[in-house]
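Got some structures for you, see below.
Each of the two complexes below includes chain A, the first together with chain B, the second together with chain C.
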Partner chain A sequence: MTHVVTDACIRCKYTDCIDVCPVECFHGGEVMLAINPVTCIDCAACVPVCPSKAIVGGSKPEAERWLALNASMAAVWPQITERRQDFADADAYRGLPGKFEQLFSDRPQAD
Partner chain B sequence: MLHIAVVGSGPAGMYLVEALTKASAGAVQVDVIDRLPTPYGLIRSGVAPDHASVRAVTQRFEQAFDKPGVRLIGAVEVGRDVRLAELRQLYDAVVLANGCPVDKRLGISGENLPGVWGSAGFSGWYNAHPDHIGQVVADLPDTVVVIGNGNVAIDAARLMTKPEQALAATDMAPQAVALLGRSRVRKVVLAGRRGPADARFSVKELEELGEVANVSLALPEAVTWPSDAEIEAMPPAQSAMLQALRGYATQPTLGRPRDIELQFLARPVEILGAEHVEAVRFERMAPTADGVQGTGAFFDVPCGAVITCIGYQARPFESVPMDAQRGGFLNHEGCIEPGLYCTGWARRGPSGTIATNRADANQVAQRLLREQQPRGTAGPDGLDRLLQLRDVRMATVSHWRAIDQAERARAEGAAPRRKFQTLAEMRAVCDGLVA
Partner chain C sequence: MSVTPLDGGLSRHARKCPICEAGCGVLVTVDTAQRKVIEIRGDEADPLSRGFVCPKSQGMKVLREDRDVLTRPLRRRGNDFEEIGWDEAFACAAERFKHIAQQHGADANSLYVGNPTAHNPGGLLYTLSCAMALGTRSLFSSTTVDHMPKVLSAGLMFGDQSLIPVPDLDRTDFVLMLGANPCISGGSLMTAPGMDRRIAEIRARGGQVVVVDPRRTETALLASQHVPIRPGADAYFLLGLLRVIFDEGLSRLGRLEAHLNGVAEVAALARSFELADVAEACGVSAADITALARAFAGAPSAACYGRTGSSQQLFGSVTSWLIDVLNAVTGNLDRPGGAMLPMGVTPSIFLNERYQQGVAPHHRWFSRVRGLPEVAGQLPVVAMAEEMLTPGAGQIRGLLTICANPVLSSPNGPRLSEALQGLDFMVACDIYLNETSRHADLILPGSGHLERSDWPIFTSTFQVRHVAKWVDKVFDPAPGTKTDGEIMLGLAAHLAGTSEQAMDDALAGHFLQGAEASGGLGGKTAAEALALLEAQKGSDRIYEILLRSHHFGDHFGARPEGLTLSKVQSADHGVDLGPLFERLPQSLGTPSGKVELAPALLMQEVPRLRAAIADFKAPDRMIMVGRRQLHSINSWMHNIRLLNRGPDKCTALMHPDDAARCRVGTGERVEITRGDKTIVVPVTVSDEIMPGVISVPHGWGHDAPTSKLTYASTRPGVNSNILASEFDVDGPSGNAVLTGFPVQVARAAEALQPKAAA
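Up next, the complex of A and B:
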């Protein structure tokens, strides 16, 4: 099993999750993170710390549409092991609907 | 080459090894000493058996032992087989990563009655830790009180209410599967001194409870929940936890064979009973501006067993000064005294999750490498000679892997492994290993 990052992360990318992951399974895209389903150990430490509540357990119904995306993006995005603040206006994007259709990018994060 | 000895192979010690080897580009030799032949500390003996996926973090730690210059020195106890003072002479630096394995005491009358267990002993028992296999030998009663408002308390409650079939599919010690799965337990009361907002549960653990038992919540009438706005304004983890708790308060789950009752604002003041636990006496607490205070009203919860999940502290070790407040050893930013460091719970007290140890270890590794220079110590060769002179047979990583393989091979049914429970059995596997 695995956990997945959902569209709630898009354009917020708070990265609070990075600090609490024991296996460094997060990968960084331009506007959101992805969880590598192979390395995730389902410890769920990341779930409570995300201000956007963007992470869900892989077996939950709301996770289904994000499983494939996390797997494919984790394969191409670089591993992210340190917190960063890419968006100073992250709070403005928290909770907004339609973020995937309007804002998703498959590009890896800049260095 | 800098010679370093790490005492303890749990996540604290293993993240430290990673940090040392990475930061020094291999200019270190690290001996990781554990008194068990089976490494990884609480990952093996603390994580609940039905959270098997978490144990997979050890795959990452296994890689550390394959690096040149890193050794597992298992079945060697510092203090008994080699003194700390001797280690400090043999190595350029020593790091204590031996955790907080001792249960904190309640400090109330009746605490020593049969039927009262600390969570370290209880979880060590169901996780087949050689120190604790004799912890519980009689059938559990119909009501058990668990004291504590954290995930350790939830683990105890969940594992006492899960059916035998579910437990049998884990690496839980078989005698614990039988005693817990087939027990008379009908109700577990989980009691905390403070209110719901101060609980340290995580949502995932709370949700799991509702899947296996009838979960209800008992809050004194006068106490009100924080408003929706107040809950929204809390840090995300606390806010989500309160919402989950409120869910159980307004809609208890039903239809399971066993009950879990979450009690708040209840401070245990005495454990009652003649030859054995018969009840816990609580004082009802009331919230104040900055905490809780006793109301002078008492109530008894009849029960046949008590499990205390109120935190841990370090075991007294080789006269190293202890930090009575935080629970670990006295240290300043990971340094106990020049050349002697600590990391993990031994440094911070029993706080944080698995990953918390990584940042801690990185900090200590940087500091150690900055402060220590090779002093021409005897290092690993010196330890080997000393242990040989004392006829102490260490268990290497090859021995551990043989034990690991054997445990997995002898698993029954859906269980991933069947752990060896005694050092003698583990020794037999090691002796059977053809070098």
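Up next, the complex of A and C:
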């Protein structure tokens, strides 16, 4: 199957997940990450390390609306293999509702 | 096994991961021509693992790219190593070991078998040939680091060291787990890949999963209940459960009633411990113990299971024993949903001795210096250093290690290093120049995981469901390399002064004889069976002998519907042979023919257990325990960046109360001291660990200057086993005590603290 990054990642983008992924399947957008469903091996190492609890297994009900987004964004965003801190105020966005409608961007992350 | 051709010259191979006991089915996509691994993922069609993999699986791919991984024999020249040829290496090893034996006796040569050998059929099998060729009693292995108490208790209770009960997870209504974290470890002495899912399935059908552990582990987070327990106090906890069960008449002996000896003795034993006393000792309230006892005994089926935490402690044998006493007296031994005994697709070939003419397969001889006991033909690893360092007849002067790093994995590594330095001759079969192998005169590296065939040689008798699986190598071995099996066979042949073919034939003959004696040749002679084998040589031939002569096999034609090598080979993802089934009383090997619930050797431990209660009640001790990590197994995966990056993984977990008392926060360092030994470790403050307990993961400490672990040495961590003492021993089994010992913890000196950000 695959795991998916949900809207909980948006505007936090902690990237703790990058350090534990053994297959480097993450791709970086401007405000969130996406998991490449082709390369993800469902080892679930990323799930417990995300401070926003933004990653879920693809077969869970709450994953359904994010499957297509992760697949399409992973195809256009660059692979991200190193942790980074894009947002110093990430903590302020943790757990906020409505982040997708208000804050989503399909732009790839800057270099 | 299946091989699927893909576009672009790629192919996908159904394999089994050999890195830990779970043995997950994996799909490995490769470019054979380029000798490149494209990806490794779980195989959903594997009947046991059903698609599960963990990050360690990628080790099969990434190790191939590690420039520190050795590929050719190395011989020491002063402080350096030079590459030599294989024949020269074998000849050198044989000559030096023989010289030692001639001068000082066979026992002056020793063997230490490390954990990865258990997952390497050729490696393990021809290690047996080497041991026989050396003719030494100085045999050691990581078994006496992590599970000899269970081997001993199985031998005592069931008369067969390979009869270690496994929880029947697929059908149980209640699992009680002590000192185990299978959601991270993959499961040990319990081949059950994908524990997250299995726990969810148990709970979905209304079952209970209770995790008893000083830490709220990853497994505890998924369980129905977490019971924090004082480290090392599991025996008291089990006695508390038994006390309640006998007091309240909750014992049901079930089908095996007529085959159990010692019920009255264990009942009397349990009644001799006061519930209030054991509760205080283990830190679990009498009310909680009572509720758990009632729930366990009252469940339609239940299984108690313990692993490293219950083995690597001062009372490892007593704890391992009482776990199965609890199973037996609640009628859960050898019944569906309870603690069952996997028949195995192949029988156990290691740690599998039975009584012979009334003589137990343990305590037949004792170590020279300290009189520590032999179990299953091995002496305890805690004796190794002193046997090497103490002069006198029988002093060990030669050592052969196989896929092992006891300098990190066993107590007091620095003293063992000193002992290894002083040996006359040492050979290390290892892919790394590491903390142990750097002392060797010869290093013989085995080729990679994907360059050999594979089958579950060690884990067959621990599977929670019987699945036959044999997989072929993916790549031909690179020229000039040898598999661990080929290395051990080469060494054995040179030691015995015969050809590799003769050694291999001798091993095959040994297993054929065993099969004949157990009735597995279907009336044929060994010679007739030999002629029928499809595999002509090597570890695959041994597999075929074991497979065909065991329970599910074709018995060389006598059972045409049974398994043959080609049947297993042609099964794309393994052959599902179904759930576990009853095996007692017929499989028992005790002299009485019954299950011995109160073996004298373990009952003799009771006074020591009773006397130690006072220690456990002492309020002001900090106790150190270990911790298993997802991306790591023992000491050898830390040189792989993909499995070892981000925040430091070698940290000490401390409860907020203890951290506050020591005036440390996350990221700051503590000194952990025991006697004259100290380690300095960064702290992670978390309430997942109980107050009074500090948890440090094992397998770290990659700062030896003469190792070649380029990446690991940049994030070396600390060797927690420096604080483990070789003088702490579980008496009956000789097992090391790596967990549950008292330490002092203090904030490290300011000079050792991380600098505050400017």
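Before moving on, here are some points about what is shown:
Throughout what follows, the second predicted complex is superposed on the first by the 111 of 111 C-alpha atoms of A that agree within 3 Å, B and C clash if a C-alpha of one lies under 4 Å from a C-alpha of the other, contacts with A are read in each partner's own complex, and residues count from 1 in each chain.
Keep in mind that, in the parts below, a residue touches a chain if its C-beta (ideal position, glycine included) is under 8 Å from a C-beta of that chain, and two chains touch if they have at least 3 such contacts.
The structure displayed is predicted, hence computed values, not measured ones.
Once both complexes are superposed on chain A, the partners chain B and chain C clash.
Contacts of A:Cys43 after superposition: both chain B and chain C are touched. With both structures placed on the common chain, the touch criterion links A:Asp106 to neither chain B nor chain C.
Of the two partner chains placed around the shared chain by superposition, chain C is the only one that A:Arg83 touches, whereas chain B remains out of contact. Of the two partner chains, chain B is the only one that A:Lys53 touches; chain C does not reach it.
Within the superposed three-chain model, A:Pro22 lies in touch with chain B and with chain C [touch as defined at top].
When the two complexes are superposed via chain A, 437-445 is the only one of 131-139, 365-373 or 437-445 in chain C with C-alpha atoms clashing against chain B. On chain A, the surface touched by chain B in one complex and the surface touched by chain C in the other have residues 1, 19-23, 41-45, 48 in common. Interface residues of chain A facing chain C in the complex, by the touch rule stated above, are 1, 16, 18-24, 39, 41-45, 48, 83. Residue ranges on chain C touching chain A, taken from their complex, read 39-42, 51-58, 196, 218, 630-631, 642-643, 645-647. Taken in their complex, chain B has these residues touching chain A: 11, 51, 53-57, 60, 202-204, 236-237, 240-241, 353-356, 358-359. Those residues of chain A that touch chain B in the shared complex are 1, 19-23, 41-45, 47-51, 53, 57.
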